[in-house]
Each structure stands twice: as structure tokens, then as C-alpha cells.
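Structure record follows, encoded as C-alpha cells.
All chains are identified by letter, namely A, B, C and D, in their written order; residue positions are counted from 1 within each chain.
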Amino acid sequence: MLSDYLPLLIFLAAVFVFGLIALFLPPWLAGSRPTQAKDLPYESGIVPRTSARRRFAVSFYLTAMLFIIFDVEAIFIYPWAVILHALRWFGVIEMAVFVAILLVALIYVWGKGALEWGS
Amino acid sequence: MVKTDIAQEPIGPEHEPETEWMELNMGPHHPSTHGVLRVRLKLDGEIVRDADADIGYLHTGFEKSFEDKTYTQGITFSDRMDYLAPPINNVGFVSAVEKLIGVEVPPRAQVIRVIMMELARVASHELWLGTTGLDLGVYSGFFYAWRDRDLALDLNEAYSGVRMMTSFTRVGGVAWDLPDGWLDQLQRFIDVMPGRLDDFESMLTDNPIWHQRLEGVGVISAAEAIDAGVTGPVLRASGVNYDVRKAFPYCGYENYDFEVPVGTNGDCYDRYRMRVAEMRQSLRILQQAVDNLPSGPWITGDRKVALPPRSELSKSMEAVIHQFRLVSEGFKGPVGDVYAFVESPRGELGFYLVSDGTNKPYRMKVRPPSFCNLQALKKLVQGVLVADVIAIMGSLDFILGDCDR
Amino acid sequence: MGELKLRPVPFQTGRAAGPTPLNALGDNVLTTTLDKVINWGRASAIWPALFGLACCAIEMMGAVGPRQDISRFGSELFRASPRQSDLLIVSGRVAIKMVPVIRQVYDQMPEPKWVIAMGACASSAGMFNNYAIVQSVDKIIPVDIYLPGCPPRPEALLDAVIKLQRKIRGEPLVQRPA
Amino acid sequence: MNRWSSALPDDALVQRIGDRFGAGLQESSDFRGDLSVVLEPGALVEVARYLKSEEGFDYLLYATAVDWPAREPRFTVVWEVRSLANKTRIRIKTTAGMPDPHVPSLTSVWPASDWHERETWDLFGITFDGHPDLRRILMPQSWEGFPLRKDYVSFGEPVIFSDQKLEGLEPDAIRG
């Protein structure tokens, strides 16, 4: 029983090892030379005087939230698409309901004008 | 030693950043500022509340250097100011000196000047089309534009030996006659270009994204445009029918028949249409210039100003004296001040020349069209999204070498 | 007026760029070949920073254009931010007000980095000898290749990039007669 | 009639200015077809307003200054304006004395002269009273001196030829 999951474990281990390699090999090879100027934020060539950490408008947060909602919806479609052939018509109807719910959300948001940029 | 702590301190009375507005540096090193312009944007989220353009990052002290050079030496300087249309700068500078001294330019030299200026206008508008398209995402347009612009630069090179900085004018005419075979190359250029412009138009003119990004963006009305002092295609896009070639014809422009495109609602899209239409008109002018190019001298015979031809040197002593005097100290102008102006792709390019009777200009003020167009940026970007600031700056078509002088 | 704070140690390329774990083993066959591979990798993909100042920038754009395509030599992308670029082509005249900006952009570029002073104005201020122009970009940042011309033709810029690649690979710039 | 003065403004304009402003108009000249008038600083703003409202000069070309160190009122400040409608052009000049050159600003009449006057302040040191935001535009903010004055002679550095050795300035001083 356990052996059914063996390939998955090997795959995870490989991912983990590759991640470590990618993370630590290049800095070790190239060597890093931090200088004071490199740590400053890049301000189109101007030496910044104030720190770049500033409060910014709430509309960014709103747009980010909307993006996450519809992005996650897209992610759910991938596994569904892989096994759609097995699900046959049941899968199609199921996904239609799922998408319809989010469509209503999209129409509401669009009507509210949250998509246009406005504080 | 070189000072390094300059341009760091806050500038402007209101340099203290307001709490809720974020101050963003669209700084000198920025892909879409068409050179080294720094715009301090005050952003309320994505909406621009205030824009303070900080220029001078390419200030080369041309006006100080002109005072140190004789009139003929100044010609090579005038190339480097507006480096997208150097021939037009040359003609402008030399027109000021000719107006001061009162020299008549022979007709053949006038037509050669018109040909070189219209070539420069096509090359400059092509570059504008390429780079502004690049800012708005038309990556392939850049390569179309450069394919056509290289043809114009080949013509420059065949005539003056240099691709961009031709320095082809002399006071009283042009430096050399057209090499033979050049006119056929020009004719091939004139035949192929309309097709190339159609490529561009088919790609851009009724492209919905191009419409959406440019239509209704950066609108300036005719009255506001005159008050703000904008010039060139930006002024004409707002409906003001003012083109120096029609209003004050110089270099024989009065006997070419071409129209001046005038826009209606003064937004970025109209400025795009102005420039493309101007390219087509320039090709018409080029065709008429090639058809009736007069023969005769290409520089004035007035020995006070123009060098005698080589052949004459061996024959007459007087020519040698003229040659020596002209080469060693140049010619002197009367005391007085004159203003001469030409139509550059960006607008009216003027040269205010004050002379105190010596062989060098006492004061040479250049009226740069980019400086005047850039001044309107502050009014154009109020309450606009940041992405539209890029479109507006692209549509103003300013060149920092011309603006900072 | 602030003094010009120069980099104490000028930047070197390749192995001279200071000890990396590779050179800890000294110059034997293994490390020198690895150096050749690393330098070959660095040389064949130099991404210039999009740093156009004046007229030479137009010829630099010409070099990117379809006729003299600089991406044939590995400089495919002109990166807008100095963080992702290895080469700073100073194309144009350097105004006094631009000095701290050039210094900042150069400092914010990660090593290994190189500089091409494109055109007479960047190399020696060309025809401008007045209050507003720094007499050569050499006074601000160390320069690897000086490219004459006003403006240099796009082909000249390609030649400069090729010479820089040979310099990075450690080959002599000038082919001495055999 | 050479081409520059296609619509030579008749002397009537100068006459009208003379009648209305009397002593305000000091001289006028017609050199090479360019009409120019020299005004007193006091009468400058009224004449400018008159030119814009009644004479239709609505488009500002440029504003600059000329430095005559030998002459007593050292600076001549120049504005050039054009009437797009009837295609004429006039050059307004006024003078400013040395210790502290002051000239009224014309941004209230022609808003386009905002940057031009800032540049004249930056390069000549002439303060424009009434200018909304007079600060340096071309030179760095902390720059001392006014470059375009005739006595500001700083023509860069001496050119170092390869055979001359100036310590501290050799290009490889940086490479160390």
C-alpha cells in the first residue's frame, strides 16, 4: 500500500533537493559583494533619501483580492481538466455550476465598479 | 574635483512628501522618458496628483559654447542639440547668421536644404513612432521604424558622410553638391516609403488597443495649448493651424504644394495622426524637390562669407586672401540681434542671435520646442493614471538634448 | 561640496575578481578550465543596461535595430534596471547633474560588471569643454572600453562589444602578429 | 521685402505703444525686420497686458537675457511674443541693474514664460518678481554662480595631453 505513494515521495524528495541546490549553489559559486549602494532601493538612479516603505492606497489591496479570487478559480480548473474524460457529463455540469457562482461574483464586482481604478 | 552630493537635496518649496501621497521618481534612468528626464510624480494610488519635471540632466552649456566659437565652427555644435533632426538645426542656425549678415542663398542650395530637412523630419517621426510604440507595447513597431529610418540615414551618409550629424550647411548655402546617383537613391526612398507607412498604419491606426491607450488621453484645448506655449504637432493636434513652413515660408517652401495636417480634439491619438500625416506630406515635398531641382551654384558667390572654389586659388591672389581670412578668423557680423526660426519635427525651433560685431556670436539663445512642449506636461497629467503618463510623455515627443541645451 | 569617493579597490574580471571557492584549490588544470567556462558564459551573454544619454543612445538603438542586430552577440536584452545588467554603455555626454545618477546606477549593478564609454563625449567630453560637462566618464566610474566616434556607427558599437567579450575571456585585445 | 518680415508690423504699433505709455517706451528698432521695443521695468507688465489683450500677441516664443558687463544697467531681459492670428512678432526688452537684478515676471500675462524665466534666473541670476516657483531648472539646486554671465569664465578643465603628467588627474588614478 505504501508503495503506491513511493513515486510521489521520490518526486517530492527530488523537488526538495533541487530546491536546495538552486538556492545555495549560485551564491556559493559567484560569491557576493554587498556594498552600501546595492542595498539602497533603486529609484531610477536618484540616491533615495527617505525610506521606500510608505503607506499606499487601499485600491491596491482591493485589486489584489479580486485577482486572487479569480486566479484560484483558474487553479481549480486544472485538475478537473486532467480527469474530465473520466468524469464525463457529470464533470462538465459540476464545473459549470462552479464557474456560474464565480460569474455572479464577477458581474456584481463589475457592476459595483471595483474593477475601474478609483480610490 | 567632481562634485557628487548635488541633485540629492530636496528641490522645490513643497518637497516635504505629503503623508497620503506617495512620491515616485520617474527618474533620469527610466526606459520611457526618451532621454534623461526626471519627473517627480505625486501619486494617490494609481492616480497622478502632481508632476514636477526636473530637467537639466543633459544640460551641455551649448549657449556658452556658442559664444566661444566662430559662426562656421558653430554649425557642428548645432547638430548635437536636437539629435533626432540635425539637418534642421543646421539650417536654423545658419538662417540666423544669414539673416544677421544679409546673405542670399542660391536656389539650388535652398532645395538641397529642403530635401535634407524633410528627410530628417521623416527619420525623426519614424524614430518617434518606434520608441513611443515601444513604450505602449508595440515591440515589433520598433523594428519596422528602424528599417525605414536606416534608409534615410543611408541617404544622409551618402551625401554628407555621416549618418546623423550631417553639418551640411555653410553660411550662404550648403557645403557640397549632391553626389551623382544620390537623386536616384532618394527617388527609390520616396517610392518605397508610402508602402512602409501603410504597413505602420495598418498595424496601428485602427488597432483597438492603440485607440484605447491614446484616445482621450492628455487632452489639451486650442486656447490652453496657446497659453501653455506648446508647439509643433502638439499645437496642431489641438486645432491651431500654425506651421512655420506655411506661415513664414523659408528656403523656398512657398513654391511646394503640401497640406498641414490639423487635428480636432488635441489628444494623444491626434498627435499620432499628425505625425504620420506629416511624414506623408514630407514625402510629397521630397518628390516635388527631386522633380524640379534647379542647377547652378550650391553656395553663394559672396567671397566675404563663402570660401572660393579650389580651382580659383591657383589663379587669383585675391581668392587666396579671401580663403586665408575666412579660414583664420571667419567673417564679422553687424551689431544687432535677430531671431530666425524653422519648423522642426517637434515644433518651432528658433535661434535668437545677438552680435556685437565680432566674428563670434555674442549671445546665442535657442528656442527649443521640446522645452516648451515639456512645460505642458504638468498640466496634462493631473488626475491621470500612471500608465497614461507614459502615453502622454510619448506623444509630446520631446528630446532632452534639445530641451536642456 | 562633497569629495569624490572612489572605489578603493577597482573591480577586476574573471579570476582576478577575488577568491571564490574555485580558486581556493590554486591554479591547476581543473580550476583554470572551469574559469574558462565561467568567463565564456559571462562573455557570451552580456546584458547592457538601458542607459541612453544623448545622441550616441540613438546609434545604440540603431545597433539594436534590425540591420545591425546586437543580439547576435549575446546582448539580446537591454535591461531597464541595473540589477539585471552586466554592462553599462555610457552613451552620450555626461552632464554635471547626471554624475551622482551614473555613480548610483553603476554601484547598483552586481559584479561582474563592465563599462563601455561610447562616443567621444563619454570618453573625453568631445567638443564640449565647459562648465556643464564632466571631461570624461572616467572620472566617475572605471571604464573598460573607450569607443571613439561622434556618434560611433552601430557597427563600431558591435566591435566594442566583441572586444569586450575578448577582454572578459582573458584574450589579448590586439592580435599580435604571430 | 525679405522673407522674414512677411507681415512687417507697421510703425503704427510702436506709435500706439508710445502714445499710451509715453515714457514707458524707451526705444524701438526694426533691425532686419524684427520689431523690438525697449520698455522701462515699471511699465513692462502693463505693456505686456496691452499687447496680449488688444494687439493679439498671445503666443510666447521665449524669454532670455543678454549680459553686457560694460554697460550700466547690465542685463537686457528679452521676451519675444507672436500673434498667431495676424502673423506678427514683437520683441520686448527691459533692463536690470547689477547689484541685485530684478525684473517683474510676465507669467501672469503669458503662463508659458514660467520655465523660460526660471532658466533665465538659473543661468543669469535675474530674479523675476511675482514668479510662482522661481528655482533652478537646468543646473543642480546647490550650484553656485550663474554660468551664462560673461564674467563666469569656467571653460572646463585643461586638456591633459599624454605627454603632460599632472599628478592626481591621470585617468588611471582611478584604477589605483
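Simple rule for what comes next: a contact is a pair of C-beta atoms (placed from the backbone, for glycine too) under 8 Å apart; a residue touches a chain by one contact, two chains touch by 3 or more.
Not measured: the values here are computed from a predicted model.
Between B-C and A-C, more C-beta contact pairs are found at B-C. Distance from the chain B centre to the chain C centre is 30 Å, each centre being the mean of its Cα atoms.
Spacing of chain A relative to chain D, judged by their CA centroids, is 58 angstrom. Centre-to-centre, using mean CA coordinates, chain A is 37 Å away from chain C.
Each chain gets one centre point, the mean of its Cα atoms, and the points for chain A and chain B are 47 Å apart.
Taken residue by residue, chain A touches two or more other chains at 45-47, whereas all remaining positions touch fewer. Multi-chain contact residues of chain C (touching two or more other chains) are listed as 82, 96-97, 100-101, 105, 128-133, 139. Contact of a single residue of chain B with at least two other chains is seen at positions 3, 5-8, 27-30, 56, 59, 61, 64, 68, 404. Across the whole structure, chains are in contact as follows: A-B, A-C, B-C, B-D, C-D. Contact residues on chain C toward chain A in their complex (touch as defined above): 17-18, 20-22, 81-83, 100-102, 104-105, 107-108, 110-111. Residues 28-31, 33, 35, 37-38, 40, 42, 45-47 of chain A are the ones touching chain C in the complex.
On the side of chain B, the complex with chain A involves touching residues 7-8, 10, 17, 19-20, 22, 25-30, 38, 44-47, 385. Across the interface of their complex, chain D is touched by residues 6-10, 96-97, 125, 128-133, 135-136, 138-139, 142 of chain C. Only residues 3-4, 6, 29, 31-32, 34, 36, 58-62, 64, 66-67, 78, 80, 84, 87, 89, 91, 110-116, 119, 123, 133, 135-143, 147-148, 155 of chain D touch chain B when the two sit together in their complex.
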